[in-house]
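Next come two complexes, and both contain subunit A; in the first it sits with subunit B, in the second with subunit C.
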Partner chain A sequence: MAQIDIRNVQKFFGQHQVLKNLNLTIEDGEFVVMLGQSGGGKTTALRAIAGLETVTSGKILINGTEVQDRKAADRDIAFVFQSFSLYPHMTVRENIAFPLRAVRMNAADRDKAVSEVAETLQIAEHLNRKPSALSGGDMQRVAIGRALVRRPQALLMDEPLGVLDAKLREQMRAEIKRLHIARGSTSVYVTHDQIEAMSLADRIVILHDGVLQQVGPPDEVYLHPTNLFVAKFVGSPVMNVNAVRLEGNSVVINGASQGFHFPDQMLGHARSTAGEMTLGVRPEAVLLSHQPSDGFVEAVTTNIEPLGSHDIVDVRLGDTVLRARTESAFVSGEGQKVWARIDPSQAHFFDTATGLNLRGAN
Partner chain B sequence: MASQVMTNLDPKSRAAAKGLSDLTIRNLFIIPTIAFLIIFNIFPLLYSLAYSFTDFRASTNAPANFVGLQNYRDLLSDPFIWKNFSITAKYVLISVTGQVLVGFGLAMLLNRSIPAKGLITTLLLLPMMLSMAVVGLFWKLLYDPNFGIINYFLGLDKFEWLADPDVALYAIAIVDIWMWAPFVMLLSLAGLSAVPKHLYEAAEIDRASGIYTFFRITLPLVAPILMIAIIFRTMEAFKTFDLAYVLSSQPTTELIAIRLYKMAFQEWQTGMSSAFAYIVLIMVVAITNIYVKYLNKVKAR
Partner chain C sequence: MAGVRTPREILTNRVAIVAVFVALAIMLTPIYWIASTSFKPRNLATTIPPTVVFEPTVSPFVKLFTKRSQLREQPTQEEYDAAPWWEQMVFDGGEKVVRNRRSGEVTMSGYGDRFTNSLIISIVSTVLAVSMGTLTAYGFSRFKVAGEDDWLFFILSTRMLPPVVVAIPMFLMYRVVGLNDTHLGLIILYTAFNLSFAVWIMKGFIDEIPREYEEAALVDGYTRMQAFFKVVLPEALTGMAATAVFCFITAWNEYAFALIMTNRNAQTAPPYIPSQVGSGLPDWTVIAAGTLLFLIPVAIFTFLLRNHLLRGMSFGAIRK
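Moving on, here comes the complex of A and B:
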């Protein structure tokens, strides 16, 4: 197992810069998830670590050894592809054994390693079948088995669950986590699915436009987004983001008639900026009430999404809409009059121009 | 049932205005082809089968006598005919092996991003588009011991490519390889470009060497289409006539097709040569069947 260091890595495809001065250290045994939109550079970063892509400049170190000029085969890293990339003409057993045969391991050790991995991944009964005869989940298990069988320095996964259906994805997610804990392998995982990222990662790395936005444990990324991109990208349903202005101790959403009252100490950082400001509040920080009370602002419900465990309720304030998370059946229908409040401790103020979190409210 | 499968004629079309049904139109298109096939393929096939049991000679007016299996018995016990078969087998082996090695090698070289790839591919395909007889005639000039360019470049002085009985067959095979390796190349190139890139990436990650990847990934995945190329080339090589006939008339280059031609149109043994043609046909079908069996096995993997 290994530590991976990415230092000042730049990558150009022609004129287009895909990675912009990337710096990241992945600790030994850590599970790091790279999260971002497609085209954000996360897959390129992963392929660069694997050696499937060269870097234009910068260094990549595995266990302190510079590997950026080495071929993939010489980096001792395993890679799970989104498309599985199983060898179609080989049986499952041959597929898993391939990395061992390629380095001429003797047959006895090879068979032992293959059955051990097959056992762990619960694919032992499929060993003599062709990949085309397997379900998507089993194909991915085989792909992971092929990656793990030779005990690589690190395991890289490029959206490995991307082509599976939702239910299977959830199940495989749990299995990948279980495997990681059992094996303790250094893992780097690329996804655009923030739920996958939150549930798997020791640390999440958010990439956008080739620039690293934020690195941190899932709760930190969720609770303290460093900028608007992270705030909007992480979390489902999406955070409410509205342009606001301060009127005394009142935070007024542009287009709304009334402001929300915030305690003075929560506004210190927000006051320091002279420019335009954006307020970010997650739906669970928008509190609704059936009775008017202190600090609550009158609003009208416009849309309700009942999700079983909870409801997502859209409320209109003047010209703007806020999404709130309520207990199920809290409001019975559209057009109801309710009162809304924002939890100041869960509100984020961003500089609209730079997108940076002003760190006022938290 | 049949009319349900067919699409109906547009009622506003000109054909409909003339009172034609789509059944009539279908027949108009199909009947000439079927008639042509029956007159020029099926009928001669059956007619020659009948002749193969007679002592008919097309050069005389003597009536054909039924001789049963005598022609087949004579042919299969004739050592000279077996000599022709072994020459042909040797020729097929050399020629097809050469074509596969050269063609697949060229395809491997072309299956990467190189400048002017399209132009190079087109130029490489040119030999395939020439007429066999023309190719035979100008290779005869190239091989010429007195002024041929091949001896000049190889420094072989007056080496007799086509007159030397031991070399002539190889010389013909070289011409065939030159002409038909591009065909194998074309099919191999299609097969190679159909191998997904990510499999090569997976193999690289799995630390497989280039040679290991070639034999364990590339070759098995290209095998079915390569097999089709080999089937085509084997059948064609088995039937080679014009190239060998134009290039050389050594006894060591007398392929079955040449022997058959001589028997039928120089010796006028029509009945005997019909039987000979049937023996060749059965052999070609048998060899092709072996390949097809193997191809299906490869495809099932």
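Moving on, here comes the complex of A and C:
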């Protein structure tokens, strides 16, 4: 097992800079998820760690040793690709044993290691089949098995569940988590699916346009996004993001007729900026009520998404719309008059120009 | 899917089947002609109208492999009876088998040697063209090569000139370096012919093999070379088989250069077979027999690789 250290890494493809001064330390035994939109540089970062891609400048250290100039074969790292990495001409057994042949392990030990991994991943009954005879989920199980079999320093996975359907993805997610807990291997997992990231990660690394946006445990990234990109990217349904202005202690969404009252101490950071401001509130921080009461402003429901365990309700205030999360059947239909409030403790103010969270370090 | 077919579909299907059989009949006629002629007695080979029903004989094949001369006088009954069955066939045709004066051994014709030459030259040049072509294609497919497109176009452009155009200069150069009438000479020539084709076809196949295959091998501790042999090559076999068939057929059938560059030592079968027409009255049955045997290796080769070919000819290597 290993610690991975990425220091000031830059990567250019021709003129196009894909990784911009990346710094990240992945601790021994940690499960780190790189999250971001497609094209953000996640795959490139992962491939750079594996040695499948060179870095333009900067250092990559594994257990304190610089490896950026070493070949992939000499880094003792395993990689699970999104697809197409099982050799069609080999059986499942041969596929899993393939990395062990590279280190010339003897046949008896090899068989033992393969059986053990196959057992763990519940693919023992497929060992003599060809990959083409497997389901998508089993193929990825085999790919993970092949990665784990030689007990590498670290396990890198690039959207390993990306091609699977939703149900299977959820199941495999749990298996990967279980496997990580059992094996404790240092893992870096790339995905664009924030739910996958939240459920798997010890720490989430959010990468956008080659720039690291935020690193932190899932709840921290969710509760304290450092900037607008993270705030909008993490969480489903997405955070309400609206341009606002301050009128005394009242936060007024541009286009709305009435503002929300915020306690003074919640506005300190917001007051400190002179520029345009954006308010971010997650749907669960938008509270609805059937009666007018203190701090609530009048609104009209426009759209309801019943999701079983809860509903997502769109409410109109003046010219703007907020999404709220309510218990099931809290409102019965569109066009209903309700009263809305924002929970100040769950509100985020962002500097519109820079996108930075005005709460600063919290 | 075994859906119900409309009468219209059934009709279209029948028409298609009939069309296939008609086309097949037209294409197989020359082969039938060659095959039947090679089993005919000489006097039935050129009848008008053609003889369809006859008693087959292997005498054309006996004559194909032996050296013969015209009988000046009929053999005595004793001589005839003492001769083996195949020599009697030659006597029956008004010829006799040439034997060594002292040892009495039968003198063989040149056909066997020419046939062997054809095999050696075609196989070696095919192996060379396919292996060099595969390596080159792999390089172009996987690495950044400066001026890649220009190089590929240059490689293709070597095929734009009809090869015969350069036959005379080639002949002169070959004579200077002592390559004419050598196996090596023809092997180099045919390898060069086929190489550009092999590079282009193999590039198509290798481009289709996902890089992840090799990359998985690279992170698993293999070198680039090992990854190529253990992972890429098995996936490229289908393409290599298809390419090999094309290269083999080209080399096997090549006539013009073989005619110009070789005369005895390294001569292949294609220029040899028609050269037999020239000596005396042409014996079409012998030529037919030589041609029929000449067709067999390509048929065997294609048959052996048929499973690869079915997939390979559609120029898609990987079932995704």
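Quick note on the criterion: the second predicted complex is superposed on the first by the 358 of 362 C-alpha atoms of A that agree within 3 Å, B and C clash if a C-alpha of one lies under 4 Å from a C-alpha of the other, contacts with A are read in each partner's own complex, and residues count from 1 in each chain.
Keep in mind that, in the parts below, a residue touches a chain if its C-beta (ideal position, glycine included) is under 8 Å from a C-beta of that chain, and two chains touch if they have at least 3 such contacts.
Computed from a predicted structure; not experimentally measured.
Because the two structures share subunit A, they can be overlaid on it, and in that overlay subunit B clashes with subunit C. When the shared chain is aligned, no partner comes close enough to touch A:Leu287: not subunit B, not subunit C. By the document's definition of touching, of the two partners only subunit B reaches A:Lys130; subunit C does not.
Of the two partner chains, neither subunit B nor subunit C is touched by A:Val238.
Looking at the shared chain after the overlay, A:Val300 reaches neither subunit B nor subunit C. Of the two partner chains placed around the shared chain by superposition, neither subunit B nor subunit C is touched by A:Met105.
Overlap of the subunit B and subunit C interfaces on subunit A: residues 50-52, 71-73, 76-79, 81, 83, 85, 87-89, 98-99, 102-103, 146, 150. Considering their complex, residues 210, 212-213, 215-223, 226, 231, 234-235, 318-320 of subunit C touch subunit A. Those residues of subunit B that touch subunit A in the shared complex are 196, 198-199, 201-209, 212, 216-217, 220-221, 301. On subunit A, the positions that touch subunit C within their shared complex are 50-52, 71-73, 75-79, 81, 83-85, 87-89, 98-99, 102-103, 132, 146, 150.
By the touch criterion stated above, subunit A contacts subunit B in their complex at residues 50-52, 71-73, 76-79, 81, 83, 85, 87-89, 98-99, 101-103, 130, 146, 150.
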